[in-house]
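As structure tokens, here come the structures.
There are two complexes below, and they share chain A, which is joined by chain B in the first and by chain C in the second.
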Partner chain A sequence: MDRRLLTPEGVRSLLAMLREDGFRIVAPSLVGGTVSLAEISDLDELAVGLALEVAPGRTRVVPSPAMFGSIGGPESLKRWQHPSQRVIWHGERGKNGFTGSAVVEESAGPVAFFGLRACDLAGARVLAKAIRRPLGEQDLVISVRCTSSAPTCFCTTMGTGPDVPEAAADLILTEVLEPKPRFVATAASERGAALLGRAASKPASAADAAAADALVAKVAADMPVAFAPEAARAALGTPSGIGWEDIGARCMACGNCTAVCPTCFCTTVVDRTDPAATVADRIMRWDSCYTPWFSEMHGGSVRSSISARYRQWVSHKMSWWWEQFGTAGCVGCGRCIVWCPVGIDIRKEVEAAIERSTAHV
Partner chain B sequence: MDPARDPIRLFAPETREVLAVRKETADTATVTLAGGGRGFVPGQFAMVYAFGVGESAISFSGDPYRADIVEHTVRRVGAVTGAIGALRPGDHIGWRGPFGTGWPLQRARGGDLVIVGGGIGLAPLRPAILAVMADRGAYRRVAILVGARRPGELLYQEQLAEWRARFDLDVEVTVDAAANNWRGSVGVVTRLIPHLDVEPTRTTAMVCGPEVMMRFSAMELQRLGVPSRNLFVSVERNMKCAIALCGHCQLGSLFACHEGAVVPYDRVAGLMEVREA
Partner chain C sequence: MTARVAVFKFASCDGCQLSVLDAEDELLAILGTIDIVEFPEARTLREPGPYDIGFVEGSVTTPHDAARIKEIREQCKVLVTIGACATSGGIQALRNMADVGIYASQVYAHPEYLDTLATSTAIADHVKVDLALYGCPVSKEQLVETITAVVAGRRPDLPSHPVCVECKARGTVCVLVANGTPCLGPVVRAGCGAICPSYARGCYGCFGPCSTPNVASLAGAWDGAGVPRSTLIRALKGFTVGAPEFQEAVRAL
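On to the complex of A and B.
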């Protein structure tokens, strides 16, 4: 498709137009001391010129020469695709038992997601399979291709990035800083083309397009391949009782990794009642396989040890997901590494599991 | 997010009246609910909802041919099952179902059938036994092995006595431990398996009970010569949604609520050998 050039002001004008069109805007914003996807009510809330310096168990907001340089913030599309808490049923007790009905969410209006990375879009695709609930058709996706990566990134290992497939977005932007900041824009859908057509832009030269592609290609080339996904799938296919003691001692089973993971989909349902229990709301909320109650049955948890819970999580991500949904459950975004309070690196744990499985053959 | 495609609608229970509550053991009761089982097959389960407390996955334990009622045998082990166990006739309860897979009764036709139930594990097998008895000519030998920890924990005692009186069923009952006044068999249920009078290669086995009991039953049945592909077990996991959506019941790649609860033993044998899988 045609590629156009936008100035940084041109990108802002895209967002302003979307707001006028009635879209809620979800974009990188400085919230809670970090740069994260968030719904913004004003374009000034955009995290412009900020990036995250990330490492296992560590993040810091730092200035960035790029307009949209942040990678690794805690929120993914999951927050909007699969709400963390929602009432799904409301019931009232009467003289003859009780009556109730499903509470189906009213849409709060279409969302324009801005600044999504290739891993974010892959995460949304994978999550949609598990929750059988894609993004709304009215939602709009503006992706920003990665022109830098974090040390926690491993999208090339999982085959999800850094390039953005056109089918995944409406508009794809690539930020080029030299010699002066500009965005190469590719409309990837009719809606994306219509939007781009309304902004002040000019045709991108072949040199501009090549410069943008080269930046993305360099990110891919520089990112180390962490492990072979097919080896991980094989190694974690049958749970092994050996080798998990060490991770069990390091992991605190806090569930941060499952909360920030763009594909972790598990939920529980709890009842909320008034004191007299005349009304009851059934509330679905995110759950984590790291909690002791996750596998609770009469007589206790199936997975009472933290070792078993970590094994469950990583085996599901890397192996069982394939059988269930035809894809890996991991997209290589690295959030679980960044937001783990003790810096557990899934790449190293998977590598160790692969080594153990080959050593025992 | 598209509300029309929201699977959340599948979580809404219907309200059912409790018609009867029959005490089975000190902590177990069979509740009879008005309304049929929506064509359930033996081995399937329903999600039973105690208002304001929560839901629990409970197997059908009654006659699959009754269109007017359903029965569930519930052991009080937690808040939800405690609330279900405290129901009285005239009370109301939430219900949705049926869910999961059933026992391979079709597949078993024309051959011998071995049914092994341990403790509350006899409950999901009872509809299968009732279905077999309604169509007794379709099977060759039918053996039912029942185990419980103590004599007082044997379910359906009157019915067990009726079944034992029949000439077309081999029913054996054993308990793990008993006081001096028990004159029956003592020992784990798996010890009855070597004495089965069946043609192993033509035998289908349906086993339900604690995981360790199912594992040893499978071992004993295979030792007897029953091919592993003819062994079926019912796996139990924490189930919240019953539609392979909440993730709780996973056992390896298996969503126990959807691809199970009844599964070929070969599907889970490897997983059952691993601690905390």
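On to the complex of A and C.
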């Protein structure tokens, strides 16, 4: 497709147009001392010129020469695709007895997601398959391809990035800084083309397009391959109780990894009633395989040890997910590494599991 | 038929009883189904048992308390402990790791008049407890939820997972990862709604340990944030110092 050139102001004008069109805007924003996807009410809330310095269990906000340079914030599309809590059934006691019905969600309006990375979009696809809830048809996706990576990134290992497939977005931007900041834009859908057509842009030269592609290719080339996904699938496909003591000592079973994971979809259901006992709600909430009650059956929790819970999580992500949904459950975004308070690195744990499995053959 | 509800006080500051009073708007709705017949913080008239639900605030610190809680248990169909004192011995359980005689001599002019135990212990150390509400003070929402659930005959929604689960559910950014703010959240029981981290403060553990706390690992994260071990030990010796998991962790650190 045609590639166009936008100035940084042109990108801002795209967002302003989307706001005028009635879209809610979800974009990188400075929230709670980090840069994360968040719904913004004003374009001044965009995190511009900020990046995250990222390490296992640690982020710090730092200035960035790039307009949108941040990678590794805690929020993925899951927050909007699969909210942390929602009422799925509502009942009321009236004069004629008790009546109840399923709660149909009301849309709060279409969302324009801005600044999504290849891993974000892969996460949304994997999650959509698991919970049968894609993004809304009216939602719009503007992706920004990665021109840098964090040390926690491993999208090339999982085959999800850093390039963005055109089918995944409406508009794909690539930020080029030298000799002066500009964005190479590719319309990836009719809606994306219509939006781009309304902004002040000019055709991108072949050199501009090549410069943008080279930046993304360099990110891919520079990112170390962490492990072979097929080997991980095989190694973790056969449950083995051997070798998990060490991770059991380090893991706190706090559930942060499952919460920030763009694909972890498990939920629990609780019933609540009001004090006057006239209203009842059935609420679906995010759950985590790290809570002891996740595997609670008659007699107690099946996975009472933390090491058993870690093994369950990583085995599902890397192996059993394939049998369930036809892909890995991990997209290599590295959020679980960044937001683990003790910096447990799934790449190293998978590598260790592969080593153990080959040692036992 | 209305449920007869009683609120009892042991060694405590009365803050959890105030949380009961603070739930007045919600309790008005429930007053058709419950009758609060014993509540020293709120009324002088006292009615004898038996009671359908008994809420117990405070810890056991005297021989008299130790005998009284057994009588109360016999009078209550459902016994619910409320707050850090009742569930883990409270801040006064600092004496468990010290000599109560020295404490008493520094506080009281005539400590010889005191008849106190060497330890401050949780209610569950003395009698069977049916439900426990944690926190200093308890969460009003959990209190109302518990009364509502018991009256309705359903299981109350009281999580035992760490505070982190609540932070992430509400979308609060991790203060430990993003700012290096020491936070006990990963080892502390949820239920408060993750109040402190939502104000960019670390959790200081007033709900006590979660179901499987791994304090040794969290200590490494606090080290990484440049926090001295003495600060972590102080944090664990707070309102839930009497919790066995925290006492063990303090000894090991």
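Some points to look at:
Here is the rule we use: the second predicted complex is superposed on the first by the 355 of 361 C-alpha atoms of A that agree within 3 Å, B and C clash if a C-alpha of one lies under 4 Å from a C-alpha of the other, contacts with A are read in each partner's own complex, and residues count from 1 in each chain.
The criterion applied here is as follows: contacts are C-beta pairs under 8 Å (C-beta built on N, C-alpha and C of every residue); 3 or more make two chains touch, one makes a residue touch a chain.
This structure is a prediction, so every number in the text was calculated from the model and none was measured.
One of chain B and chain C touches more residues of chain A, and that partner is B. By the touch criterion defined above, A:T327 lies against neither chain B nor chain C after alignment on the C-alpha atoms of chain A. Contacts of A:A277 after superposition: both chain B and chain C are touched.
Contact with chain B, but none with chain C, is seen for A:S240 once the two complexes are overlaid on the shared chain.
In the superposition on chain A, contact of A:S143 is made with neither chain B nor chain C. Residue contacts after overlaying the shared chain place A:R285 against chain C, while chain B stays out of touching range.
Using the contact criterion defined above for the overlaid structures, shared-chain residue A:T99 touches chain B, although it does not reach chain C. With both structures placed on the common chain, the touch criterion links A:G33 to chain C but leaves chain B unconnected. Once both structures are placed on chain A, chain A residues 270-271, 273, 277, 304 are touched by chain B and, in the other complex, by chain C. Residues 1-3, 5-9, 11-13, 15, 17, 51-55, 75, 77-78, 81, 91-94, 236-238, 240-241, 245-248, 250, 252-253, 255, 270-271, 274-277 of chain B are the ones that touch chain A when the two sit in their complex. Those residues of chain A whose C-beta lies close enough to touch chain B in the complex are 80-81, 86, 88-89, 91, 93, 96-107, 130-137, 238-241, 265-271, 273, 277, 280, 282, 284, 287, 289, 294-299, 302-305, 308, 312, 315-316, 319-324. Chain C makes touch with chain A in their complex at residues 26-27, 29-30, 32-33, 144-145, 147-149, 151-152, 154, 157, 159-162, 164-165, 168-180, 183, 185-187, 200, 211-214, 216-218, 220-221, 224. Residues 31-34, 36, 57-60, 74-75, 79, 84-85, 249-256, 259-260, 270-277, 285-286, 288, 290-293, 304, 306, 338-343 of chain A touch chain C in their complex.
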